[in-house]
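Here subunit A shows up in two complexes: once beside subunit B, once beside subunit C.
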Partner chain A sequence: MTSPFVDAFAEYGPGAQAVLPGSGQAWLDQARRAQLDAFVHDGLPGPRNEAWKYTALRALAQRAFQSGDGGALTREVDPEILQLRGVDGPRLVFVHGVFRPDLSHLDKLADGLSLQPLSQALVNDAEPLRFLLTRGWDRPADAFARLNAALAGDGMVLRVAEGMRIDAPVHLVHVGTPTENDLAWHARNLVELGEAASLHLVEHHVGTAAHRNLSTQMGDIVLRANAELEWTVLQEAGEGAVLMRREGLRLEAGAKARLHALELGGGTVRHELEAELRGNGARLDTRGVFVPCARQHLETRLDIRHMAKNTSSDALWRGVADQRGRGVFHGAITVAEGADGADAALSNKNLLLSPHAEIDTQPVLEIYADEVMASHGATVGQLDETALFYLRSRGLSVKQARTLLTAAFCRAALTDMDGSSLREDLEARIQARLPGDETAA
Partner chain B sequence: MTMLTIENLHARVEGKAILKGLSLTVNPGEVHAIMGPNGAGKSTLGNVLAGREGFEVTEGSVTFMGQDLLAMEPEARAAAGVFLAFQYPVEIPGVNNTYFLRAAYNAQRKARGEAELDSMEFLKRVREKLKVMQLSPDLLNRAVNEGFSGGEKKRNEIFQMALLEPKLAILDETDSGLDIDALKQVAEGVNAQRDPSRAFLLITHYQRLLDYIEPDFVHVLADGRIVESGDKNLAHKLEEHGYAWVKDLGEPAGAA
Partner chain C sequence: MTAERTDITATLRDNAEVAEALSRRYGAGFITDIETDSLPAGLNEDIVRALSALKEEPAWMTEWRLDAYRHWLTMPMPHWAKLKIAPIDFQAISYYAAPKNRPKSLDDVDPKLIEAYDKLGVPLHERARLAGVAVDAVFDSVSVGTTFRKELAEAGVIFCSMSEAIKEHPELVREYLGTVVPTGDNYFAALNSAVFSDGSFVFIPKGVRCPMELSTYFRINAGHTGQFERTLIIAEDGASVSYLEGCTAPMRDENQLHAAVVELVTLEKASIKYSTVQNWYPGDENGVGGIYNFVTKRGDCRGDDSKISWTQVETGSAVTWKYPSCVLRGDRSVGEFYSVALTNNMQQADTGTKMVHVGKDTRSKIISKGISAGRSSNAYRGLVKVEKGAEGARNYTQCDSLLIGKRCGAHTYPYMEVKNPSAIVEHEATTSKISDDQMFYCRSRGLDEENAVSMIVDGFCKQVFRELPMEFAVEAKKLLEVSLEGAVG
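After this line comes the complex of A and B, so read on.
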């Protein structure tokens, strides 16, 4: 499938691959080449591809991107934008997918925590990563995963040793900034928590200003038996940015993961979470808020698979769309054969604040096991007129009342979050995105 | 100066005429009870005065402190001193009660050009008023009306009134659904706020509330008009004879 988008990668991709960290190792070169070939062969998924039904790629297909940023090491980044309240542990910062030692803090890592950029791991000892990095993507719908596998040379490699509980949150930041030409960059993150280990990972996607760059980010997170992951994602990519993220999350027996995700920034953003509850008693909680305004297109796709006995998952997502914003939520839960005693719940409530805004929500439940508790619900509505009047009758302006109600609606996704200072920081960031923010009482 | 003048008020809800020429005058310091059978238009009156959408005024006028009340937004009416205690107080999950009260209090002060209170000053004030209403301070940390019992909701309305200190308080069936203890507490809260500069409109179906809050005037509302006005004895008469007696009255007393 030829298009300016595909043609540019076909032409410049091999040159970019030649200078990627880790190139020269036969197995890696081969895997990268195979993924680029597969991408060029199939191109971008078309409108008839079910997985891309709500995110049209026609306009993107007409654009050509430069591969990688030679100037990533020297681009100016205000350190202030990297700050999050309550997050003061080790920090890895990437600009356009390239590790920036000057902005990162990797000294004095806690015992049991191993943390390094992928670019270093590939040069020092790539072999342990071989399995994940040679994983093939076989569907045309995987276009961005293929691009990522072909062209990502950096990212985060994080390991927590068996039994180690890491208190200070690890802060991963991906920064995008405006560039002369439209740029495509890629990052690959690998996380493994050993048996009974625990960690809080805070992932922050931030743009310094509006730009039209494309970024793909793929992650693999493995939780060994009884490991616990607290995972916070704050997506504040630059206005106009195209961001395609996918994470594979694997939970072994008794492992627990809890995600709080805020999708606030970017132009066209898609986040896919593919979670496999593979061990008995594994538990996954996902909470999230997406707030598309202006002409933003924000899509979240959950694919949660219960594959073992007595596994549980709970998903609570809220969407608020204003102006011409478009939100898409796809929440799929599969309870596989033999995963008896599974408990799965999914709720997605949405608010439309403008007649031009749109939210499409699609819960999907497939059950092939016995003694399963499963529930799902999705709604799209407007603010409650009675509540609005109640607030106004006490003196709040229409704007204040609307913002107060909308913020409260979103906060439902954060109420079970530990650590009040980070939660308050996140709440304030949601509030700042909401229309008519003047509630400073 | 007259506080509130309602003249020949006609209002429709969903195309149906509910108020059909209601007139009423309220002076500062007075307590007026509006009584009437179901469907007479009692709650419509409260909602029209507070400015709720969906209540369409087709004729007549309402003047509050010299201003055209009907031309004002609900929040402007609140800032001017109109308070409606809701018949069904609204639960607002996720909105902290204290945050809401302070936002409301300061929004009103700001609208009047007064300085806003900081959180310490505000909390001090809140605690004083809470004591009067015998409400538990932990209500402050909960979401607005969420999980409140029926009685707590109504007492919370009176607590908000005490805090916001309106000039005209309209109590829309605040007595409905209350047991005798809660009713007494509500009445005490109202009596504590009776003041020569403040007026009350008590909208009620039953005479019971008036055993505890003594009104200066009692009006009977039937079919969208005030058909009879009198002193507190009128309420007793209604209690004895029931609203069927109202139907026997001749031309509406309050019609313009």
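After this line comes the complex of A and C, so read on.
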């Protein structure tokens, strides 16, 4: 499947691979080469590929990207944009997928927390990462995962030792900035929480300004028995950026994970979360908000698999689409045979604010066990007229009333978040993103 | 959950009656021994021509079929649904099988045929009069007799077989055939367009409310045949009709193909209510044999204020793959879909609906109830699409699945695509098994397990059953009981 997009990777990919951290190790070189070959062979998924039904890649296929940024270490980044209220623990900053020691704080690590860039881990001792880094993807729908496996040389490697509770949140930042040529960069994050360990991870995607670069990011997160992860994702990529993220989350017996995700920035953004509840009693809560405006295309795909007994999952996602924005949500819950006692719920509510905006939502249930409680709901609509009327009768302007209700609608996804200062910061960021009031006039 | 409650389920499984019911045979699985006149197996342009010639069709119809056939050749068999389907050899199917002694009127109908319909409970003769239902019975591939022809004619209603309609009302057929489901719409619709043998044609003229409920009974009888019927129902301005369709097939080891196309058209202020009770042979408990039921059903609400309502009770077929749909083109038009789909043993169903909102203030409602038992797989797949201009569109969807047994699957795949900010689209779905609390309550009131399950399932399906016409509601309820009893546990 040839296109300018694929051709550029076919031509420059092998050269970029040769200088990646960790190259020279036979198993890694081989895995990277195989994934690049597979990508070049199948190309990008077309519109008839069910997984890409609502995200067209035609325009992207016509663009050629330069692989890797040689100047990543010296790009100007205002440290101010890295700040989040209530997040003052260790910080790892990557610019265009390259670790920036000057912007990171790794000095006062808590006991039991091991945190280092992947580029370092590959040089020091790559062997423990072999299992995750040699994973291959065999479907053409996995084009960006293949690209990432072929070309990612840096990212975060985080481990929490057994039984350790890490209090200060770990702050991971990926920064994209404008460049001379269209640039493609990749990052790979690996997280493992030992038995009964706990951690708060704050993942932050930020753009210094509008740009048209492509980034692929893959994450593997493993929670051993009874581990607990509090996970916050704030996506504020630069306007126009193409961002393809995928995380694999594995929960062993009694493990608990809770995600709060804000999808605010970027041009074409797709986030896939593949969660496997593999141990008895594992629990996953996901909450999120996506707010596509202007010409943004924001897609969220959840694939939650209940594979053991008495597992539970709860998903609550809100979307607000305005102007020419398009929000896509796919939320699949699978209960495997034998996963008795599963309790799964998913809700996706959306507000459509403009005649040019679009929401496509697809909640999916696949149930193969009978001792199950599973439900999902999805709605697309507008603000409640009676609520608007009530607020106006209390003296608020149409604009104020609408803004207030829209913000409250989004905030529902953050209500159960711990740490009030970070939550307030996030709420303010949503508020700033929310449309003003073109429709009310 | 307490151990005691688990015991109830276990008892259910071990119950001897249940075991007996499990092995109950398919009630409608008899073969009627009458001579049939069929075309040799195989499919090519000559077969299509021969079929058309056998039916004495005009040249435009033959050409229409050939166009569809040529288009079909260019299409691949779709595989996107979550279905396990043994490859179909389209060359091994006979595309036409007619009872040999072609009847001139109802009185000439082969008594064996009448007997067959009696066994099925089709109210063909006096029973029809009693029930007040006009029946068009399609046996294998041709329509054998239409009752109540005269009474309907007085009201101006045309109710006849498709072959007759092509001969006697070609202008109507030409105007409407293939306008809702184009010949190239999908693989099986293209195949049907090329080789459809018969079906029903209904035309309700302006302002007429059809005086009685119309009904068709389909039965596949001969081996190695496919049934490809084509139904076209047109309701002109202000007209209304309620149409019922029932299906059965005898037991056979090989998979038989049923690929029908149903097209509904409603003009201004017209309404069509289309009800189906489908009980094709589902195959045996190991999944041998059974009907492949691949049907394209679509209604087009062309006029303002028109309404199309689909109600289906699907208990049969080895594989059911169909999505009765509504295109809501007229302003304020209404689409409805009520469905009960039950799968047992190795049955697979992938069914649902599509509601496409084009006109302003259009409304649609979807109520789908899936029951899976045995090792079956039951999926709801639906699309609600609100186009840009569909100001004020409203949809409500509710899909519930009930699981009976450890090895079955129940799936829900709704798609919602909304392009208009004044639209309201809502979808809700739940999946669960019959709760132990419900069972315990019913048992404490003196019901045995079988009756308790049956009562709970009946309640589960009530929203759909109450949409069915009276006679069908009774039949559907019974059918469900029979199909289900065997599955408890």
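Quick note on the criterion: the second predicted complex is superposed on the first by the 436 of 441 C-alpha atoms of A that agree within 3 Å, B and C clash if a C-alpha of one lies under 4 Å from a C-alpha of the other, contacts with A are read in each partner's own complex, and residues count from 1 in each chain.
Methods note: contacts are C-beta pairs under 8 Å (C-beta built on N, C-alpha and C of every residue); 3 or more make two chains touch, one makes a residue touch a chain.
Treat the numbers as computed from the prediction; the structure is a model and nothing was measured.
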Next on the checklist: On the A-aligned overlay, A:G377 touches which partner chain: subunit B = first, subunit C = second, or both, or neither?
Outcome noted: second
Checklist entry - Which holds for A:A369: it touches subunit B only (first), subunit C only (second), both, or neither? => result second
Next on the checklist: Output check: A:L405 vs subunit B and subunit C. Expected answer is one of first, second, both, neither. What do you get?
Outcome noted: first
Item to check | Touching partner for A:P79 - first (subunit B), second (subunit C), both, neither | outcome: neither
Checklist entry - Who wins on subunit A residues touched, subunit B or subunit C? => result C
Item to check | Touching partner for A:P355 - first (subunit B), second (subunit C), both, neither | outcome: second
Item to check | On subunit A, positions contacted by subunit B and by subunit C | outcome: 439
Checklist entry - What does subunit C use to touch subunit A in their complex? => result 1, 80, 386, 388, 401, 403-433
Next on the checklist: So in the complex, the part of subunit A that touches subunit B is made up of which residues?
Outcome noted: 384-387, 389-398, 400, 404-405, 407-409, 411-412, 439, 441
Item to check | Residues of subunit A touching subunit C in the complex | outcome: 50, 337-338, 350, 352-355, 357-382, 439
Checklist entry - Can you list the subunit B residues touching subunit A in their complex? => result 50-53, 73-75, 77-79, 83-84, 86, 89-90, 92-95, 99-100, 102-108, 111, 143, 160, 164
